[in-house]
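Below, chain A partners chain B and then partners chain C, in two separate complexes.
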Partner chain A sequence: MNLTLYVWRQKGPKDAGRLVRYEAKDITPDMSFLEMLDVVNEGLVRNSDDPIAFDHDCREGICGMCALVINGIPQGPQKKTTICQLHMRHFKNGDTIYVEPLRARAFPVIRDLVVDRGSLDRIIQSGGYISTHTGGVPDGNAILVPKNDADKAMDAAECIGCGACVAACPNGSAMLFTAAKVTQLATLPQGRTEAARRVCVMTEEMLSQGFGNCGNHYECQAACPKGIKVQFIAKLNREFIKAKLT
Partner chain B sequence: MVLDGKTPSGPLHEKWDKRKQEMKLVSPANKRKYRIIVVGTGLAGASAAATLGELGYNVEAFCFQDTPRRGHSIAAQGGINAAKNYPSDGDSIERLFMDTIKGGDFRAREANVYRLASVSGNIIDQAVAQGVPFARDYAGYLDNRSFGGAQVSRTFYARGQTGQQLLLGAYGSLMRQIRAGSVRLHPRTEMLDLVTVNGEAKGITVRDLVTGEVSSYAADAVCLATGGYTNVFNLSTNAAGSNVTAAYRAYKKGALFANPCFTQIHPTCIPVTGEHQSKLTLMSESLRNDGRVWVPKNKDDKRKASDIPEPERDYFLERKYPAFGNLAPRDIASRAAKEVCDEGRGVGPGGRGVYLDFANAIDRLGEGTIRERYGNLFEMYEQITAENAYHQPMRIYPAPHYTMGGLWVDYNLESTIPGLFVLGEANFSDHGANRLGASALMQGLADGYFIISYTIANYLARTTPGAVTSDHAEFLKSREDVACFTGKLLAINGKRTVNDFHRELGRLMWENVGMARSEASLKSALSLIPRLRAEFWENVKVTGTGSELNQQLEKAGRVADFLEFGELMAADALHRNESCGGHFRVEYEMPDGEAKRDDENFCYVAAWEYKGADKAPELHKEPLAFENVKLAVRSYK
Partner chain C sequence: MLPTSSVGRKLVMAATGQLMVLFIILHVLGNATIYFGLLNAYAAHLHALPPLVWSFRLGLIILFSFHIFYGIALTLENNAAKPQSYVMRNDLSATFAGRNMVWTGAVIGSFLIYHLLHFTVQVTNPALAAAKHMDTLGRPDVVRMVIKSFQDLGIASVYLLSMTALWLHLSHGIQSSFQTWGLNSEQSLPIIKRAGAFAAIVLFLAYIAVPVLIAMKIVR
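Here is the complex of A and B:
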């Protein structure tokens, strides 16, 4: 099939950037969206043009690197699917596709579709962990975790840190991302000791990194490729109130 | 050069304690005077950097992704082994040790493997303490599953995302140290050279992947945890960015490269669909717990799987290896699949595929149970193939997956360059000629959490901190060399893209240095690779400049190294006149088609020394002594 692409091109953080039209020819349904971009890029290089810069690594939906915006939707139109796992069989011959970077105040564009998501790391740095030391820990089975809690913690831990939730949010909030980490650790007995401090410092850090606050729009959940649920935001709020009360 | 593995003397189970006793320590007050570089922040690098930072050293950590949480380790699906014996099914440190030695086809160092098995339990404890949500049973205890090459259940898992959860645990610890100021993180930064001063590793030269700036960092010791080189095959299960560059450039600076031909082909991957393909997706080996592998008994049987009656199906793994059945080790299962496809009994487009069928398991356990165990894998399979594996069998085929070879290290994880330590998949140490499933995560974390902190102190205690700075002449020269290398790539302005060269190299390697190697195929690789390399340096096209984010340039550098490294792999495979583990030479085969080892002549580690461009590398041998396990024919029948 043949497609028309409008791709965001921006040389650097200070460049204004614009949409540029490309034709993607002879695309097969088995290709992933990124493989389609590979084909376009090889054509650009052969013509001595600069290829489109985009982030990617695992190409199997787990590293979270490849997030971008297709036709206005962060992580693309396919539910619970990263861009690298989106296959071209979901498009039709003749389609026009708009491809843009994740847009958020806390994610400055580096080049084309590549953005700086270091602000998410800094939220984790503020307290998104259990402060263990290497060695000197009890036997794994000394800490019993009810299966339901382990499952819930795992549901929250599936977040791949892609940032699609932020780009989908009208306020540019990283609440879903933050809530996922808070929930994972607060649900496990190992994480309870630091739960109160954790929820406070992480929320504070989120705001100081330039992310907005949560306005209950729930666009984050719709965009999330890993099915992270807004219920975790409710859990974060509960943890927050608990922390402030004690 | 005499290769001294520096294995401690004494009984096997006392060796590591003994070594810990012998080794020098750095006092708490002195630790902060030392600077350590850790390149790579996958499982091995992140666990090492966090642990060393926590101990009080100054750590500089580097990775080419935008954050450590995206390291290739994140993709590991199935699980991590540990000899906890929680299910009381007869597991022990000895058994994990024996399984690993045998799985590696008797080509690993006994002492290393024993140490790995003995610290395996601590890794699980550590991960649990970090909040890794391992699977639990209804009573709240840790759950286990079984994996290939083992008759006990010792694999811990977090759904199909064990690597992700373990990496996020290590990443959390690393982030904590970054906040504390003991570790400085350099993401989107690629190491392009190792700097040695008076023969010792004292720093690295890097390129900032955003600005293109080339700079150097000096330190008192360097750790490489830069992963494996499977992408020499182009199509593999590895992340697109995985590469050999850091290890290869250390090799060019004098570190020996061990057993480069020991590569692992994973039996259960989604088959190739076309020329455009950029990667092959693994379907976790854990699926073989419940899936049955089969092909039609008859050649060119084009019927749908469901139309082929039971008596006309060949469950070839169960037939050939009744004791292990579908859980035969990877190398054996891969070769068996290739064999039936070579006979014309393969399924799916192109006939390069075998079925992995869950129909029996669904009948027995119900679709719900199978969904709970493997739901995300079935989803991934459907996203890629548009086929529903609950209703029809999966199609799978072997694909390059893991590299047992790597930089040579002694028992202390130190390479032949003093002060250069190598961790995780980047070293050669523990898996011999074949790695068992769920043992790579174990090894990377053992190296990073529990071994390097002891052994690096022993080196540092004998050095003066901060002795060299990055304005030393060796650093200047290194920066010039790197700038010259990138300049050369940009100046060629030829006609073929970098990907085009990578595809051709990959095909060549897969056909000639892949699952079944012969003297003729290896000789042909040795004549084709230099030709392709010469063409690359005349005809590759990289647009843009060196002083900006330039992904073609990054990839060109990595492919340039693969084009040299591939030759080393082929040379190693050609010299090893035996079949063992993942290295299968068609000339050395038992009457029943199994690998024929030659312990008399090849019971050694082959470590190669770089001798200069266009010169043959020199082979050094580290003999392997088996004092605790009897060398035996590996049998899974």
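Here is the complex of A and C:
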């Protein structure tokens, strides 16, 4: 199949950046979106042009690095699918595709489609951990966790930190990401002790890092490749109220 | 004392928003007295109790001030957090109403000032002022003021447009306020969303009924 691409090209953080048109020729439907970009890049390199810079690592949907925006949708049009797992069979021959980087003040563009998502790491560093000394390998059954709680924590732990939620949010808020970590840890007995401090410092750090406030638009949930639910944001809000009342 | 945190300020928005919703429900019930010929009596009763009226007004001024102050502060912060949009924007869930809360809010705020000057201070149309025209029982003739006002299609349209802004504001705001309080679940969120949108339409229709029915000369 043949496609027309409009790809965001930006030489560096200070460059204004612009969309550049490319023709992607002889793409097979079995290629992933990143493999399609690889093919385009091979063509660019052959012509001694700069290849399009994009992030990727695992290419199996678990690391979160590959997030970019296709036709205005972070992590692309396929629901609950990362860009590396999105296959070209979901596009039609002759399609025009816009490829842009994740956009938010907290995600400055480094080059082309690569953005700096260190701000998410700094939210985690502020409180997304537990500080008990775990010692040796504990007995798996020493602390009993109700099945429902374990399931909920695991659902929240599915977040891969890709930042699609931030890029989708009209307010550039990182509430879904933050809420996933707050919920994961607050739901388990090991994380419960620090829950009150955690929810306060993590949401505080979110603002300091330049993210916006949640507007309850739920764009994040629609874009998230891991199906993280906005109910975790409601849970974060309840944790915050609890923290202030106790 | 005043919240500066992200969630804290959202909670102030939600609390003040929900209390204002309660207020506009009471207000529209008060409006309905016009259909039963009881509006002048209702207005006279309200004003017979100045401490009540003034404590209510004070409460509302506080609610509005907090809501407007934090609404603008949050919006400025949120816009700054998203300095560049997409060339190809594609909303999956965000709505026009949700994206334009501050603008529909601004319309409501401006309307509020006009509305107070119109019906409370009664300076925009001095010839119609109820304070200057008593009914047969010697009460300020609010009914006459309301009916003569809305026979003016210009005034009726201002009310209609402003209530459209209120409708949009609440069609996002009601469901949003429940999420802010954390009062929902995966099962109830879709229901709350629909119920909020429905309540917003019901309030819109209830509010525009008086000006529309008068402008159409059905209520006279």
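For the reader, a short list of remarks on this structure follows.
Just so it is clear, the second predicted complex is superposed on the first by the 242 of 246 C-alpha atoms of A that agree within 3 Å, B and C clash if a C-alpha of one lies under 4 Å from a C-alpha of the other, contacts with A are read in each partner's own complex, and residues count from 1 in each chain.
By definition in this document, a residue touches a chain if its C-beta (ideal position, glycine included) is under 8 Å from a C-beta of that chain, and two chains touch if they have at least 3 such contacts.
Note that the coordinates shown come from a computational prediction; the quantities given were computed from them, not determined experimentally.
Contact with neither chain B nor chain C is seen for A:83 once the two complexes are overlaid on the shared chain. Contacts of A:218 after superposition: chain C is touched, whereas chain B is not reached. Within the superposed three-chain arrangement, the count of touched residues of chain A is higher for B, of the candidates chain B and chain C. Once the two complexes are overlaid on the shared chain, A:28 sits against chain B while remaining clear of chain C. In the superposition on chain A, A:100 makes contact with chain C only, while chain B stays out of contact range.
Look at A:206: by the touch rule set out above, it reaches chain C but stays clear of chain B.
Of the two partner chains, neither chain B nor chain C is touched by A:113. Residue overlap on chain A between the chain B contacts of one complex and the chain C contacts of the other is empty.
Contacts from chain C toward chain A in the complex involve residues 5-11, 74, 77-95, 98-99, 101, 172, 175-176, 179-186, 189.
Chain B meets chain A in the complex at residues 47, 50-51, 54, 65-67, 69-70, 72, 74-75, 84, 86, 121-122, 124-131, 133-142, 158-159, 161, 164-165, 168, 171-173, 175-176, 178-179, 185, 187, 210, 239-241, 273-274, 276-279, 281-282, 380, 383-384, 386, 449-450, 453, 495, 497, 499-500, 541-544, 548-549, 551-552.
Residue ranges on chain A touching chain B, taken from their complex, read 11-12, 28, 30-32, 34-35, 38-39, 42, 44-46, 48-51, 53, 55-65, 81, 85, 87, 89, 110-111, 114, 116-118, 120-121, 124-126, 128-135, 137-141, 143-147, 150, 153-154, 157-158, 160-161, 184-185, 188, 190-191.
Taken in their complex, chain A has these residues touching chain C: 6, 8, 19, 69, 71-73, 98, 100, 103-106, 168-173, 175, 199-200, 203-204, 206-207, 210-219, 221-223, 229-231, 233-238, 240-241, 244.
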